[in-house]
Each structure stands twice: as C-alpha cells, then as structure tokens.
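Two complexes are shown next, each including subunit A; its partner changes from subunit B in the first to subunit C in the second.
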Partner chain A sequence: MSIKNKLAAVACGLALVGTVAAPVAALAAQDESGNVTGQTTGTTNVTVQTDPSGTQLSFTVPTIIPFYVANGGTMITASGTNLKIVNNSVFPIHVSKVKVAAVNPFTVTSTDTTENGFDFTLDGVKASDALGEDGVDYTPTTLGYAGSAQASHPVAVKNGKINKVTEDISSAKNAATITWTLASGKAQ
Partner chain B sequence: MSKNEQNKGRKRAITVLLVLLILLCLGGAGYLVYTNFLAPQEDAGATVSKYDGMTREEIQAELDRQARESRMTISVNAKPQLKDGRVRVNVINDKSNKFDQSFTLEQDGKTLYESGIVKRGKAVEWVDAADAKTGEATVTVTARDRKTGKKHGNPQAVQVEIVKAE
Partner chain C sequence: MSAKRFIASLAVPALVAGTVLACPGAALAQGNTGTTDVTVQAGPGWGQKIETVQVKTTRRTPGDLAKTGDPAFWAPVALAGAATASGGLLMLKRNGRNEDGDDAKGEADGK
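And now, the complex of A and B:
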C-alpha cells in the first residue's frame, strides 16, 4: 500500500562524547619523527602494530540516525540492528553518558507546542533530558569483549515525535547531534 | 653617487615596496576567498531522502540502509602512555572504514592536540601534547569525506586514562 501523504525524513547526526571536532587547518606540519603536529591537513603514515598491552579500545557505530516523519508527526528510524554499537576490543566496554544537542531551527523538547520541536528516547533515555554540556548518565549498557554474545548492542531509538513542522523536510535535514561517551570496563 | 643614481635607487626601492604590498594584498584576498568560499564546509550529516510513493516497508529498508552505510570503526588506545610531553594515543583508522578521520585529544576542557587527516588504513601513534598529565582525557574522532575532507556526521569519542610510560 502506497503512502500518499507527503513524507519527509529528518536526519540526526550521531556523536560520541561531548566535544566538537577541530576545524580544518590549511597547511601540513610535521615534527622530525614524521608525526603530524598542530593544526594540519597533512597525512601521517605510521605502521600499525598489534598492541601487546591489550588496551586498544575499538568499536563500530553508525554516524547517522535517519528519521522519517509520518503523518501526525510520528518519527520512525532505522531498526536497532542497524543502529547497533559493536565492541571490537578484547575487553568489555560500556556506554557511560549521552548528550543531545539540537541543530537550529529544530529544538529537542518534550513540549508538544514548540514549532519544529521533537523528542525521542535512546535505550529509554529521553533526548530532551540529555541536553546540556555534560549530558546525562546512560542506561547501564555493557558490551562484552569482541566475539562474545554480548559484544553487540542494538540501540533502541523509539517514541519519536515532532511538532508543527514548518521547515521544508522534503529532503533530509540535520536536526540534532547525539553524543555517547564510551569507556573501557563494565557499566557500574 | 650622483643625484640621478640616487633617484633611480629610490624609484627601485619604491617599486619593490609596491610589489611586496600588492603581493601581500593578493595573499590576504586569496586567504579570504579560500576560507569563505573554497574551504570544505562541514557536512551536517543530512541524508538525501525522497520517500514519496514508497511503501512503509521500502521506507524502513531505506532508513536501515542509511544507518548501516554510515557505520564507522573507532580505534583508540584506552590507556595512552605519557612520556616526555608526548602521548601514545594510537588512533587507528581501520581499513574497512569508508571515511578518513581526524581527531583531538582533550583534558580538563582543554584541547591538547589536533590532528590532520588520518587516511583509511593509517594510524597516528604518538602525538605532541606538552600540557598532558596522567588521568582522564578524551579522544574525539571525526569522520571526514575522503574526497572533500569535509566533516561527516558527528564526532565519536572515547574516554581514556593517560598513564605514565614505564
């Protein structure tokens, strides 16, 4: 059955930890060892070696969470299987915090009268509760070591709702950034 | 030196100064043009999506595809060693990634190091961070478009523990 009403998608960027990436600089600079220093766009070629100490923290995660806005403002996104975080480390890791920041002109809010305002939950954490510089503690989420049954965590993004859309979202617009903090060890 | 020669010398000096001034102005103008119009602008991570005429199943498949294809692997030393003002972050841009990367090292709200582009399959092992100390820090990795160098999506980060090298 075709969906005839106008549909649009709102894309949400995904980020881990509350810092902003550095701006792109102009010229390359290297020290005597060939390591890149300062603000550069140079490329550093360093031989990759296995870390004998077993402290390399590695995980795979989506960088985009796309939303589709249906009639009535309901927002639907990719399934948890496709939004999963996968631990590639030889030790457990956990998600400790999440921070959400809206991208103008959208607002992340639980108020249902705000134009272009929307909200959703991430593993039960309301996005509107995760605003602010430090974000909030995340639902205890431990990912087991690589290859274990618990190494993959499907992120449940649910309860998406957007109010009074006044923006043209016939093509996807970036509406928010979602920043998770990951660290080694099990969630407490 | 005759007056004629002095005049010639003065004219030459003025000409050289004028040329230098013009070159400086051109350089400044070029910089402004580059930074305002030519430098890669940040990619906010928006995805192109026209779902008119698609069934619910098709829309779900498209959303799943977008999320799946945006995946990136982050690899960082969780216990970077500190030695002589340098930190062993060992940031690896896995060869399976579709993006280049760049990263920062921050501690106590201060940026200690900002990298250049780390190509797919490459790594940065040690970085200069004179103000680094033992304790908690954050390594933030940003995906970069391989052709344009533009930031893609949003930064991914890891909480690390800087330790003293043995």
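And now, the complex of A and C:
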C-alpha cells in the first residue's frame, strides 16, 4: 500500500473514532419564539429489597436441646435464655416453619402408650404437631436486625414428657431433630 | 523437548492438583434453615428405688397410753416424781424439827 493510501486510511479511522466519541447533542425543542421547551432532566428510582429467594439470611439456632428425665417422666431442659435463635442479618427475619423428626428408637408423640414416646413444646408449638414433611407454621416471632435488642429470641422449651422408657438413657441419647425455616421480613 | 520444558510440563499439572487439594472447600451456606438436635438423658434420681418407711412418732394422740420403756414420756414423769418426793421429804424434815422444838419448849415450860 502506498504512503498516501496509508495516510488516507488512518485519517478515515480517526474520523470514525471522533464521530463515535463525540457526545450527542441534546437537542432541545423550541417554540416559535425560540424558547426552549420540553424536559431537560430525568429521574431514576432506586429500590432496596431483600433477596426473595432468602438465600442471604445469616442466623444461628441452638445446636442442641438437652432434656433430663425425672422419675415421673417429666423432661426438663435449660432455660430459654440459653436456647436462642440469633439474627446476624442486616434486616429483620422471622421463623416461618418448624419441623421435627424423631430418631429411632424414640418416637415423638402426644400419646402416653408408646414406648420411648415423648413430646414437648417450642414457643407453644407441639413437637408432635410438627412431624409432617413440611413442618408447621411457627408462632409469630420476629428477630430484629443484627445487633439490635430484638436480634436474639429465647426459645421457650416446655411441657416435656416421656413415657415407657425402655432405652438406656444413663448417657445422652439423640432423640429427635428440629429443622427451623426462617424467612426475611417481619412475622405476619 | 529440552529438560527444562519437560520439568515444566510436569510441574504445572502438579501445582494445579495441589492447589485444588489443599484449598479448603467453600463453606456451603445453609440457606434459610437451621438444625437442632434433641437429646434425652436420665436426670438426678432416675432409677433410684423409692421405699416407704414407717416413721416412729413420739407424739401421742388423746387416749393412747405410753408404752413401757418410752423414755420420752416417762422421763418427765420420773423427774416430776422425784421433785415431789424431794419436796415432801423436805417438808417432813422441817415439821420434824418444829415438833422437836415444841417438845423441848413444852418441857422447859413444864419445869
């Protein structure tokens, strides 16, 4: 390619770049008198919302609820101040569901005729009512954002009763598993 | 292939494999669920035999007679008896002295 042609190609390229880089003139409408009319500003709304999928929650639940059985079958455990659900998220959350699953040979049941059968309540929700696949709705419990006075919720574990114990419980035995489901926002 | 290239061809896969093995896996988030284990254990007094024992009582109901050999009842009675006896003896002794004194006086007056 001759030098002239090369220079012409470079000039065309620069012109193209300049065209693209040049800001678009904001053409304003004008009336008959030449006054500028029409909008010269625009607005944009900014919204904030928790992740609908709820995958950004951060919280802790009690690792273990230890029951101690008295002679009559009454089960007692630590006070609620030691069994807490704590919100570590920057927004309020609530417990939406609770599900209980028994661990063999124990059974979670409200009847007193089943061997190694026991029941208890969590904030008034009976464990024997939460055995379904989806669990049950939990008592409305809202936890405030992390660090707030309401970020921690003590769980009231009461009414523990076990019947016809045939299992050796001289040492702690795993009897059930609780699955807590939480969601963002306040409890309804 | 030179020796350097051969070594490099071996080192790269080794480094990659080592990186994959050595790096800790990401802690998978629990999502929106948490789990708690429930345990059951015998509490204090569990399994101890409860035995009912008749307890002897020293409290008597009206009409009950104290049994022989019951020191709780007889001790105060014995003490009261001893005190009464002592008092009686003392009185007798004093009366005896007074009578002797009267007799002596009577004899003196009679002379």
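As a convention for this text, the second predicted complex is superposed on the first by the 132 of 188 C-alpha atoms of A that agree within 3 Å, B and C clash if a C-alpha of one lies under 4 Å from a C-alpha of the other, contacts with A are read in each partner's own complex, and residues count from 1 in each chain.
Throughout what follows, contacts are C-beta pairs under 8 Å (C-beta built on N, C-alpha and C of every residue); 3 or more make two chains touch, one makes a residue touch a chain.
Here the structure is a predicted model, which means the values were calculated and not measured.
By the touch criterion defined above, A:174 lies against subunit B and subunit C together after alignment on the C-alpha atoms of chain A.
In the superposed model, A:106 lies in contact with subunit C only, and not with subunit B. Contacts of A:88 after superposition: subunit B is touched, whereas subunit C is not reached. In the superposed pair of complexes, A:146 makes contact with neither subunit B nor subunit C.
Touch criterion met: A:182 reaches subunit B and subunit C at once.
Once the two complexes are overlaid on the shared chain, A:75 sits against subunit C while remaining clear of subunit B.
Of the two partner chains placed by superposition, A:131 touches none, neither subunit B nor subunit C. After superposition on the shared chain, subunit A has more residues touched by B, the comparison being subunit B against subunit C. When the shared chain is aligned, subunit C comes close enough to touch A:162, but subunit B does not. The residues of subunit A shared by its contacts with subunit B and with subunit C are 55, 57, 59-68, 76, 170-174, 177-179, 181-183. Within the complex formed with subunit A, the subunit B residues making contact are 34, 39-40, 44-56, 59-60, 63-68, 70-79, 90, 92, 94, 99, 102-104, 106, 111, 114-119, 121-128, 138, 140, 142-143, 149, 151-160.
Residues 29, 31-48, 50 of subunit C are the ones touching subunit A in the complex. By the touch rule above, subunit A contacts subunit C in their complex via residues 54-55, 57, 59-71, 75-76, 85, 106, 118, 120, 162, 169-183. Considering their complex, residues 1-3, 6-9, 11-22, 24-26, 28, 31, 33, 35-48, 51, 53, 55-68, 76-79, 81-83, 88-89, 96, 103, 170-174, 177-179, 181-184 of subunit A touch subunit B.
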